[in-house]
Amino acid sequence: MLGYIIRRIIVMIPVLFALTIFTFFLVRLVPGNPASVMLGPRATPEAIASIEESLGLDKPLLVQYGYFMRDLLQGDLGDSIRKKQPVTTVIGDRIGPTLFLVFYSMILAVLITVPMATVAALNKERWPDQIVRIFTLGALAMPAYWVGMMLLQLLAVKYKIFPVAGYGDGFFGHLYYLFLPAISLALAIAALTIRSLRSSILETLGSDYVRTARAKGLSGRSVFSWHVMRNSSLSSITLLGLIFVFVIGGTTIMETIFSIPGIGQLIVRGIFDRDYPVIQGVTLVIGVIVLLTSLVVDILYAALDPRVKLS
Amino acid sequence: MAFDAPIKTRVQLKDSELAARQWDEWRATRRQLMKLGAMGGAGIAALNLLPATGGSTRALAQDAEPKMGGTVSMSMADSDATSFDPPVPVDNMSIWTMLLFYDQLVRVNADGTAIEPGLAESWSGNEDATEYTFNLRDATFHDGSPVTASDVAFSILRAKNQEGGAWNFILSAIDTIEAPDDKTAVIKLSKPWAPLEADLAMFSASIIPQSLVEEQGDDFFQHPIGSGAFKFVSWEKDQEIVLEKNPDWWDTGKPYLDGVTFKVLPDSNARMLQFQGAELDIATSVPFNQLQSLQSNPDVKVVLDPVARIDYITLNTLVAPLDDVRVRQAINYAVDKQAIIDNVLFGYGEIANTFLPKMVGHDDSLPPYPYDVEKAKELLVGTAAENGFELELITQAGDAVDTQVCQLVAAALAEIGGNITISQVDGATLLDAVFSPDPNFEMAKVYYTTDILDPDELATFGVVSDGGALAIGSSYKNETVDQMVLDSQSVLDPEERQSMYNEIQRLVQEDAHFLYLFYPSGRTAVQAPIQDFHILPTGNYRLYEVWRDDV
Amino acid sequence: MSGSVAAASELGAIPAPPKSKRTWISRRWLNPVLVAGLVILGVMLIFVIVGPLVSPYNPTDPAFDQPTFAGPSWSHPLGTDNFGRDTATRLAYGGRTDFVIAIAGTAVTVVIGLLVGLIAGFYGGKTDALLMRVVDFTLALPYLVLVIGIIAVLGTTPTRVPGLGPLPVNVIFAIWMIGWVTYARLVRGEVLIAKNMEYVDAARVCGASTTRLILRHITPNVMAIVIIFAMADIVLNILLLSSLSFLGLGQQPPYPEWGLMVSEARDFFLRDWRMMTYPGIAVLITGAAFGLIGDGLTQALRPKG
């Protein structure tokens, strides 16, 4: 097991390395440069040159990359050009709200998924199943930000049940403030997980060992709750892992609409400001999270399913 | 044109009248200064009383006695501030916030019409206006240390010599600053410099404590210390900036408020929703389309102020067919600016007639390009654009108003054969395309505001060919204009200077390096208890004069 | 992309469709889910194709002779926008952009993904390892950020396409550059399963060449799964385009596109929030139609049992 984890982590290194190279050069391909953003329309070429020099942007790209890697190996992601703070600090300040939002929406999604998928599976091809199907197709096809705006109009502006924007204070404050963005994302996530869980429940119900369990005299309910759910959740866990990866890089618009100070806004602002260290830092952090998540998912999978052996 | 709807605001003057008034007062001050200069610097106090008390155009609310206490929350509508190092930032959020906790030698008065004393109690110039003596008042920085003349010399020279600074030129006429004693600063100029006082009121000339800055370096500006009305408390990046009252401020009795929290709310819906939910006391940059309904809401007040801002489309004079002045003029005739003001600004703006916003130096009598499609078509005859033309119009992504403006401009130019493609680009791409030494664009929707009460800043950027901004992207070059702006800098007679400026504006308008659009109104919504909130023409706000009547 | 995940995991359970009798197929193809999806999609297609032909209004030019912010009426069934333009007309024109971008984007990614997946799965070894690292790498980058980066490099200038008007073609390129990844992974997985199936072995024993094997035996099986997944992907590409338009990097005004219309209406959210509903519902209906088709195809291609 440990050997497996170590091997997986070693495989990550070239991928992350490629990621740093790619991001590094992509951001520099984009027209515009941080010095002119800092100095605005009235900047003189000399002023821009002098800022570029102070940021080290006048050096050959490979040299710049070398410096970046040297600092990176010491755990230093450089300083944000715009915010004049270490990128690690900037990301540290912002990753909390994003992670909170992502986990919150995934938990809400699970709470929606389990009952709906179960009802759908147990009533296969009957009307409850069709209703769930329509729900999932609709939820999948709606832009999450549009759902967010609609809920905002209804629940925050019209009925004033929820706050209109912000992150709130303390754990319960976050729960309250982030409910609307989280439920908007959760609907989109649930659209995927319900379908996946439904089909795995159906598959498990049809499998030999459930029949065996029934034959052994276990009641329908206990067979369902333990055997079926345990086995059906496997594919959903994989899926949740993949969704996590997707959502963490895709909260930008939601963060904009609800004024949440997360990394989604940070990276888009970073791109618009040509804040190279921030872009590099955030993509690297997201990359690490993504790769670690897929590792965790595989380990969980093995832990839950005795048939799977990690090798 | 004035505002269409009857507007519930205490600003009674139309923009044009206010601008005229500003100019008159500016002239009066200047004339006084000339006279005093001739008299050898006597009677300084009389001079400085004039702008401070002279003809306030803005009556205070119900003439009520301001109450002390309470705090307000106010939006930062553009983005978070970027830096509080005085000569560094180019964004208005940093600039306007800095002006609340740093002081300058002089400041813009409450009406935005004249310069009044700041850290300097009084000042005088020598006969040929090359040497000014400033007498500092007893003021202290927020850490209790006194503001001295050497801090003044340090701060201003630091700003002037800032490496790569965007604002150095503002202070470029300053040669040396001497501090004969703790309370006297003598500024020597390399040449007579008409805009000096206006320049010294600028944020980049903020006075900062020399010893602390030298000791802490860049860290100082993460938790800056000034001598201003408010003390800096905290700055949570992209969330909020908190300031608290400076009880020891030299302007005794102010500020009235105990503190201010600035919330970073660039999204206009989020901003207005928070305002509706009373989580925000002062909402800035109210979307034009919501002003009318807010004005009919008795619980809130809409404050409309004339701000010195012009919105325009810069035309790259190097590319065909825009290299032909007739085509550029035709474009100006072809666009119905009133329709833009009515339908995008919902009436809250005025047609732009010159490159200067409504401010000191603006020539109000110059008629704008009228909307005249036939005239435009006539002008195109014999040009490269006679049989139609194709141009790309770039604008900043995410700005709803600009996008709408561009659509109306494109539709209008289609009437004279223009095939205009609109491209939204992000801010950095726009900067790179328009303001780089090698501009790569055809038309771009941009705007500018002024930071000082003198037309020199905007003339330098807006029309002077080597003024550092390539005449704001257009690569405009008119040697007569260049020379006139340069000459006007040392012309101390206000009337002569105004007539030079009138001529500059006329020549520039004729050359049509911009498609002149509009001067938008400053739009702020405040909750009912908030009193005396106003935006100055320079865009900033004197929060130390704001108070709540519910404390 | 998350949709791809769902589709993939659902599809993982589907074995290759067996060769079947003709009568069975026709019954399969007529399942109600598929028919419902096709009907709804047909209605939407008619709306976007015929709508612009019959509408008396111009979708782009400001029409200040018409009322602005108007509610539904006989002359404007869905009302007008801030420039007096007819909302229904703009929805119909805008839908063309969404359909073209989503379908053109998806079609090419299918082909690229299919090729890469087939090559990786069939040849295995170093080729496979290399291609899969590229896939891992692409998946590790935040999707939206990657697209924004690519668009920022390519620019947002719309390209005039004959017959369709200006289109944000660079969005299609961005989709092409990234979208194939999921297909490649999906196809490779299927090929690995199919390779070991008896009928492929049988074909090999009979002396079929590699190319022939791929084309005749593996591709058809894999194609079924790819097509089903492509239905979900089309929806996701519409959502991607609308997200980009929301950020100002998709379709450029004054040309309508559903996401852009949502974003434009957002400026008037507090004045008239209904403006936002119509384009959102258009996306919803179209997405649901493709979803139903995907479901229907799954049923049609899945063996009874």
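First chain written, first letter: the chains are A, B and C, and each begins at residue 1.
Heads up, the rule we're going with is that a contact is a pair of C-beta atoms (placed from the backbone, for glycine too) under 8 Å apart; a residue touches a chain by one contact, two chains touch by 3 or more.
Predicted model only: the values in this text are computed from it and were never measured.
Chemist: Taking contact as defined at the start, I'd like the list of chains shared as neighbours by subunit A and subunit B.
Modeler: Correct list: C.
Chemist: Measuring centre to centre, with centres taken as mean CA positions, what chain is farthest from subunit B?
Modeler: It is C.
Chemist: As a quick test, compute the distance in whole Å between the mean CA positions of subunit A and subunit B.
Modeler: 42
Chemist: Just give me the whole-number Å value for how far the CA centre of subunit A lies from that of subunit C.
Modeler: 22
Chemist: When the centre of a chain is set as the mean of its C-alpha atoms, what distance in Å lies between subunit B and subunit C?
Modeler: Computed value for the inter-centroid distance: 48 Å.
Chemist: Multi-chain contacts only, two chains or more: what residues does subunit B have there?
Modeler: Subunit B, residues with two or more chain partners: 269, 273, 276, 426, 429.
Chemist: At least two partner chains per residue is the criterion; list those residues in subunit C.
Modeler: 152, 247, 266, 269-270
Chemist: If you look at subunit A, which of its residues touch at least two other chains?
Modeler: 30-31, 157, 271
Chemist: Subunit B touches which residues of subunit A in the complex?
Modeler: 30-51, 54, 82-85, 90, 93-94, 152, 156-157, 160, 163-167, 256-259, 261, 265-266, 269, 271-274
Chemist: Which residues, counting only subunit C, touch subunit A once they are in their complex?
Modeler: 1-3, 5-6, 9-10, 12-13, 33, 133, 136-137, 139-145, 148-150, 152-153, 232, 235, 239, 242-243, 246-247, 259, 262, 266, 269-270, 273, 276-277, 280, 283-288, 290-292, 295
Chemist: Mind pulling up the subunit A residues that touch subunit C in the complex?
Modeler: Touching subunit C: residues 14-16, 18-19, 22-23, 26-27, 29-31, 133-134, 136-138, 140-143, 145-146, 149-150, 153, 157, 188-189, 191-193, 195-196, 199-200, 203, 235, 238-239, 242-243, 245-250, 252-253, 267-268, 271, 279, 282-283, 286-287, 290-291 of subunit A.
Chemist: In the complex formed with subunit C, which residues of subunit B make contact?
Modeler: By the definition above, subunit B touches subunit C via 268-269, 272-273, 276, 287, 289-290, 293, 339, 343, 392, 396-398, 400-401, 403-404, 406-408, 410-411, 414, 421-426, 429.
Chemist: Under the definition above, what is the set of subunit C residues touching subunit B in their complex?
Modeler: Within the complex, subunit C contacts subunit B at residues 60-62, 64, 68, 82-83, 152, 155-158, 166, 247-249, 252-254, 264, 266-271.
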